Amino acid sequence: MQNDALSLDEIVRRVNAKAADYCALSDRIWTMPELAFEEWRSSAEQITMLEREGFRITKEIGGIATAFVAEYGSGGPIVGILGEFDALPGLAQVSGLTEHQPTIKGAPGHGCGHNLLGSGAALAAVAIKDALSAEGIAGTVRYYGCPAEEAGGGKTYMARAGVFDGIDVAFSWHPADVNGVSTQSTLATVGAYFRFKGRASHAAASPHVGRSALDAVELMNVGVNYMREHMPSEARVHYAVTDTGGDAPNVVQAYAESIYSVRSPHLPDAERLFERVKNIAKGAALMTDTSVTVQITGGCSNVLPNVVLQEVMYENMRRLGPPDFDHADYTFAREIRKAALTNDDVKASVGLHYVTLKERVLHDALLPMPAHEGVSMGSTDVGDVSWIVPTAQCYTACFAIGTPLHTWQLVTQGNLPAAHKGMVLAAKSMATTAADCLRNPAIIARAKAELKERTGGREYRCPIPPNVSPYDLRAKAP
Amino acid sequence: MQNDALSLDEIVRRVNAKAADYCALSDRIWTMPELAFEEWRSSAEQITMLEREGFRITKEIGGIATAFVAEYGSGGPIVGILGEFDALPGLAQVSGLTEHQPTIKGAPGHGCGHNLLGSGAALAAVAIKDALSAEGIAGTVRYYGCPAEEAGGGKTYMARAGVFDGIDVAFSWHPADVNGVSTQSTLATVGAYFRFKGRASHAAASPHVGRSALDAVELMNVGVNYMREHMPSEARVHYAVTDTGGDAPNVVQAYAESIYSVRSPHLPDAERLFERVKNIAKGAALMTDTSVTVQITGGCSNVLPNVVLQEVMYENMRRLGPPDFDHADYTFAREIRKAALTNDDVKASVGLHYVTLKERVLHDALLPMPAHEGVSMGSTDVGDVSWIVPTAQCYTACFAIGTPLHTWQLVTQGNLPAAHKGMVLAAKSMATTAADCLRNPAIIARAKAELKERTGGREYRCPIPPNVSPYDLRAKAP
Amino acid sequence: MQNDALSLDEIVRRVNAKAADYCALSDRIWTMPELAFEEWRSSAEQITMLEREGFRITKEIGGIATAFVAEYGSGGPIVGILGEFDALPGLAQVSGLTEHQPTIKGAPGHGCGHNLLGSGAALAAVAIKDALSAEGIAGTVRYYGCPAEEAGGGKTYMARAGVFDGIDVAFSWHPADVNGVSTQSTLATVGAYFRFKGRASHAAASPHVGRSALDAVELMNVGVNYMREHMPSEARVHYAVTDTGGDAPNVVQAYAESIYSVRSPHLPDAERLFERVKNIAKGAALMTDTSVTVQITGGCSNVLPNVVLQEVMYENMRRLGPPDFDHADYTFAREIRKAALTNDDVKASVGLHYVTLKERVLHDALLPMPAHEGVSMGSTDVGDVSWIVPTAQCYTACFAIGTPLHTWQLVTQGNLPAAHKGMVLAAKSMATTAADCLRNPAIIARAKAELKERTGGREYRCPIPPNVSPYDLRAKAP
Amino acid sequence: MQNDALSLDEIVRRVNAKAADYCALSDRIWTMPELAFEEWRSSAEQITMLEREGFRITKEIGGIATAFVAEYGSGGPIVGILGEFDALPGLAQVSGLTEHQPTIKGAPGHGCGHNLLGSGAALAAVAIKDALSAEGIAGTVRYYGCPAEEAGGGKTYMARAGVFDGIDVAFSWHPADVNGVSTQSTLATVGAYFRFKGRASHAAASPHVGRSALDAVELMNVGVNYMREHMPSEARVHYAVTDTGGDAPNVVQAYAESIYSVRSPHLPDAERLFERVKNIAKGAALMTDTSVTVQITGGCSNVLPNVVLQEVMYENMRRLGPPDFDHADYTFAREIRKAALTNDDVKASVGLHYVTLKERVLHDALLPMPAHEGVSMGSTDVGDVSWIVPTAQCYTACFAIGTPLHTWQLVTQGNLPAAHKGMVLAAKSMATTAADCLRNPAIIARAKAELKERTGGREYRCPIPPNVSPYDLRAKAP
């Protein structure tokens, strides 16, 4: 028996004691949405709260100005809790509405609920700290303030710098519309800018003198689309054209740029595929008599699930029960479902559970552990942590069922009571599971053995090369 | 003998009398560069000057807010003088330098010398008016204030509205680095936005649900590149991608847009080719399960040269002689040539005359009339006027030899004394030729016969459809 | 208990009694390899054998000259056994060698073992007939002589004609390198020629007059490659270019042709995808000013597995045991493995069983039924039968482990003793399972209920349109 | 005065004396059409005739089995006469019909009139020989039997071997529908096979393992179509796909091949453009993870016109007058014009002369020398000779006006009396001009000076690399 009933009640009490403060923290961050690598105020707010709790703060870790670690306790085992707080562009939205209404048009908004994510994770860390300190358990808890999950992969840079080395288990969560333990792996990804330089010329008078960089961008895309047939079905390659070389049709475009993401269930496969994409870029340059440079913008490893930790966490969630939604929560959820969510949204979100959940608006149950591990067709920098340390994640119902990520519909629910309840449940799930690990080091040993088996003993290798800094990426070629 | 020696001296005297005022007008417009269709102040400055001279002003002609006509006299023959005054984006430059230094970075600048063009044309119109009024010659002179030559084709809209109907001959000029009569035809052109709508989707999680508008833009470009082999060699099709559907590679692009120019030596051929381009766009939409809309942005007819008028103008220019450049003019020209112009610039500008001109920095001669008509691989809205009324143009040396159009090198010379001298010569060339036509209506009759032969009796048909307004083009799809 | 032990021994005895005759039949067909729809002699050989056994023969069924049905018995239940006998181009090979040596260079060969397939199926039908006749069981057995599995889908034409309507269960098998019951579904497929007509012209003198049909073929392919990102991962679209319009680069190609296969796990999805491919073809025609016609060449439905029948068949195979290979069989298998088969061949063939099977050369066991149904990334016209009647298939070890389909390595083993042993096991597996169904109609009822659930009550609809005949497909456009 | 009246009458007499024999030779070759490099019998027939006349024969010159030179006389000046005799595939046609009727379907035919070309050239050589021998003029005449003008460039191989070195002037002609002197230059050309190797795989089961050589061929074509905008308008690049890797859509194509022609008015430009095409091929290989090899198949230089020789030839043709067509010639010409030639054919053939010639069916006049040299948008291996020695060509009316080259309409007229008359006129034009040169070496000096000016002193460099043999080209990759 690995879960400890006493432990659970104790942790619940400690989380409840400080829940209001951290819900308020979440709401403050909701009102100051900051984009990736620019989370100056959100990061500072978190640091202030954790310093007050007696955590030792190390700032600017891994070369990232808004990354920090807050540590309490000493000696092993060491538990890591991962928090995020970055927002998304263009998603500003008034709270508590059932229609789209930006606070400021075009401004950022917390479209992925990272205000809740970081605050709930910090709340879990604080509860563990309180338990460690009260109960005299040996061990250390570290809260990682992780910037730029949405764009850039803050944790990947942090992992490259070794800041996760030496911890024993790690936990995180994500706000969602259902409650459950995360069992899926994700796609490893590598991203890069491809920048082509040609020669400008008047497109009517002397097109034969020009060498079109836009042609090169297009031919690279054609080449990649031809490659699709000859890559594994579960890999993904997608792109955006970030500079077309100008709006004037009468000038042969001397400069053009695209950005690519290459993804695969296993990082080495993603890297091999990325090499093929680079060859296609070189081919496009050869075809157009232009030159190309490649700038890696980031990358992250696939998540390695850890069934040992998942099972402990699942048992805790089963005991904790769902969030305790009230009449007002249901009423608003029903309204936004009616006004702004479709059946397709619900299907897209809950998948196989559609038949059971389609009539419900808030998830007041726990999704079962699925029979076999799937691959989520997305990527997260939690993946890099999961290659270094056994990692588990849960998700909890913070929003009406069917609310898609990265939408105003999510932003408008991001500081409502239902969201707070989901966040508090997540804090409890993480903290109880962490406490189980601290009290029962055998869990940690088994979790580590599973990790070793999954990596096949392969050392973590960061997909972002040593010389890449997120602060250099904005500077484009002329 | 169609040129009249007395007339020439008389016109020279009248132009000289007011040259300083119109050079000052040109300098004022140089300092307030305004983009196509936004020439509010430049247009107002011109109107003020011409009203003061007693011209009757009609504003906002052809539905263009900054277009106007200034008329003097009554009855036929009617002479039209065409002036322009729009600037170009991003070409702001301090005057009189031999290095690139913007006044305001990214601001517009008079990179095609239209400050000189409009002011010199107005000066010609005023001199003709003075001659008409002083000498009691029958006839009318009209100055056309023509916006948006650079982008949009102001004269084409004006021609569509019939404002050039009924005039007998028309004249214009262009600032250049050499002196001569313009004998080449140009390319007719049709331009349009192609706007594709697809369906957004997460590019990793559900790419199969998305329909990429960016794919459609790319496939249209591929299709057009395949068409190149199967269109006449002297036609031109070129494009820019004006909206790529966003910078995020992980979103299937739901909207994308490109702008195309289609050109050919004859308008009907350009229109036929444009129909093929539209079919390619439809094909790209079919291929990608997206929809496409086409918005014509403008167009212009090819210039029909008029040898009758060219010969009269050439003889006048021969008698007028080149601009009277002084030591300071040569000195600056030598400096900018050395600092900022290359042999290739000179070659590109003077072509076959390279051998004779390569050692010179200012053109103090007159280029001979070439043996056979060529096609300039560019387009101008003077073309539309030339289909309605016999039209002739000259160019005069305002800049150091080799100065390319649309560069800071041209802007920096645009209000120097040498530019003024070239402008005044152009005013004299146009005014003397116009005076010859007024005094000798047989010239007009022959010029009209030539026009009729060239059109084959085909009525002018405007390449811009009736419902297109330049003010609608900015409004893009979402 | 659905399998009947007495029945099994009885059937084994009957199969053994005639096994030698049908092995000889298989060997005769091996020596006369005939391509799809041209199986005149192979079909006649089979008919002769079955007529001799007292089957009633109906020839040329479903409009296919080499298709036939051989029936015995009367009344229900009706059991169908499906046999094939077509060969593959270019695979002629001397028997019993471990190196490539064609009998006649470029001639056809039985590269997919259909000589065994048809003969083994006929042997099963004869054994069932003997059982029916000896034991007085009510029911009918039908052997279907099915041409053109490799290219064209004989059974699909036969299904279109209704020849499988009214039968209760159907069985087939395929020669392989392992023993097991087939549990996977397959891909539904639709195939078509796309024929483009343009206009010829001299490619140097007047390319602008030409309209290239080859351009259209290429642009269609480009369009399809762009579509790949936006179709389900498990779908397949592939093509060959079957006419490039000639070998002369100096002629604009006036005619060109490609052939496409579109596949998906569900026929309606394949058909929807095929519509998109047709739209891409239309788009390519629009882009190139050519015209396109589409000729469907065939298609087949996905296989609907039937677990009820699979389980009965599996139990029979478990009782029957593997083929009884002797020392000579092992020796040859070891030699060909060493000389002409690689580890990759073995991996490709046995997949997850590689670890257990990599050291073995002949499969003398039975593969377990897999936990979940997979999709084989291939297509078979057995799919169409499986939509009409509950159908089960087995495969048996006829060749050395790792022998790939469609290779000379398979041809050379196609008439060896090991192949005969595998074929006889397959006949027993089918015949015992058919006998179980005849004696225990409840199996049939449950199998039909499963079929109904899988189709969702959807009627079988043939993917080949009514007007398409396999004999028209050779006649190409000029 | 460079033309010699006595000479002309003398030559006319000599040509007439042997005209019937060489018309019969032409008719024999018409009946035995042989393709490029396979002109065994046609070459032998010519050799027999010339040996009989006392020419010294050297066979298999320049490494070409069917190439030969026949020489008479000794010492300078040396006159070269160029003859051809290869036929075209698929153009077999019954003689003297006004409808398409092949002698043997798909068999070759003399669709470019090379039966006449070689026989007429030989007749000219014989007449010159007779004049040399009769009149005791110093000098040598050489007849060059030149294979493979249509496909492969026999003269280019011969030029590479130096067989034209040291001669003073060269003449040739081409059968046509009008009479005139050839004044145009042609396009230089380089041709090559591009062969891509990838890796086969099953296109449904394991497309990700395959590397498609057909993809590479297609992407190379896409790349070239993108290059078109950025190459000179008068250049040409065209291709055919000569191996698509098979007709089976379910196999990833492991091998594919295309053939390219690259042309430009100047050989160095063609070679530079060819380098760009090679880079595009390399780019396509990089894009598809395939490899590419390039095999040059041939090439030829642009024709350098020689005005000095043209003028002498023109004056001779003026004096000779047109062919003396009779009533029967006109009648058949009228019939075939009505039945099988269109106005567009006539326009395409006679261009600017359409207005004057559209009502006529046989050309009984001489086209004037055009005011300026044009470029014929085709290529001929006469170009290589013209870089080594001053060369002139005429064309004469052998066919009804409007008869296109490379058609059955031309074949059917190829042995009729009108064709004979045209051929005899051509022999006279060449022989008289050659005689003028021999008698008046100043013409040769001036012609050589012109050649030197045109080449700018550049040595002839053969566009076909030293190691390429026409006999190796058939051997393709597997």
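The chains carry the letters A, B, C and D, assigned in the order they are written, with residues numbered from 1 in each.
Throughout what follows, contacts are C-beta pairs under 8 Å (C-beta built on N, C-alpha and C of every residue); 3 or more make two chains touch, one makes a residue touch a chain.
Worth saying up front: this structure is predicted, and the values here are computed from it rather than measured.
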Open item on the list: Using C-alpha centres only, name the chain that sits farthest from subunit A.
Closed with: D
Task: Length of the line joining the C-alpha centres of subunit B and subunit D, rounded to whole Å - done: 47
TODO: Report, in whole Å, the distance between the mean C-alpha point of subunit B and the mean C-alpha point of subunit C.
DONE: 69
Task: Interchain centroid distance [CA atoms averaged], subunit C/subunit D, Å - done: 54
TODO: Send over the residues of subunit D in touch with two or more other chains.
DONE: 203, 207, 218, 222, 226, 229, 233, 238, 252
Open item on the list: Chain contact topology under the given definition, line, ring, star, complete or other?
Closed with: complete
Task: subunit C contact footprint on subunit B (complex, rising order) - done: 203, 207-212, 215, 218-219, 222-223, 226-227, 229-233, 252, 276, 279-280, 282-289
Open item on the list: Looking at the complex, which residues from subunit B come into contact with subunit A?
Closed with: 187, 191, 202-207, 214, 218, 221-222, 236, 238-242, 244-253, 259-261, 263, 348, 376-379
Open item on the list: Which stretch or stretches of subunit B touch subunit D in the complex?
Closed with: 222, 225-226, 228-229, 233-234, 237-238
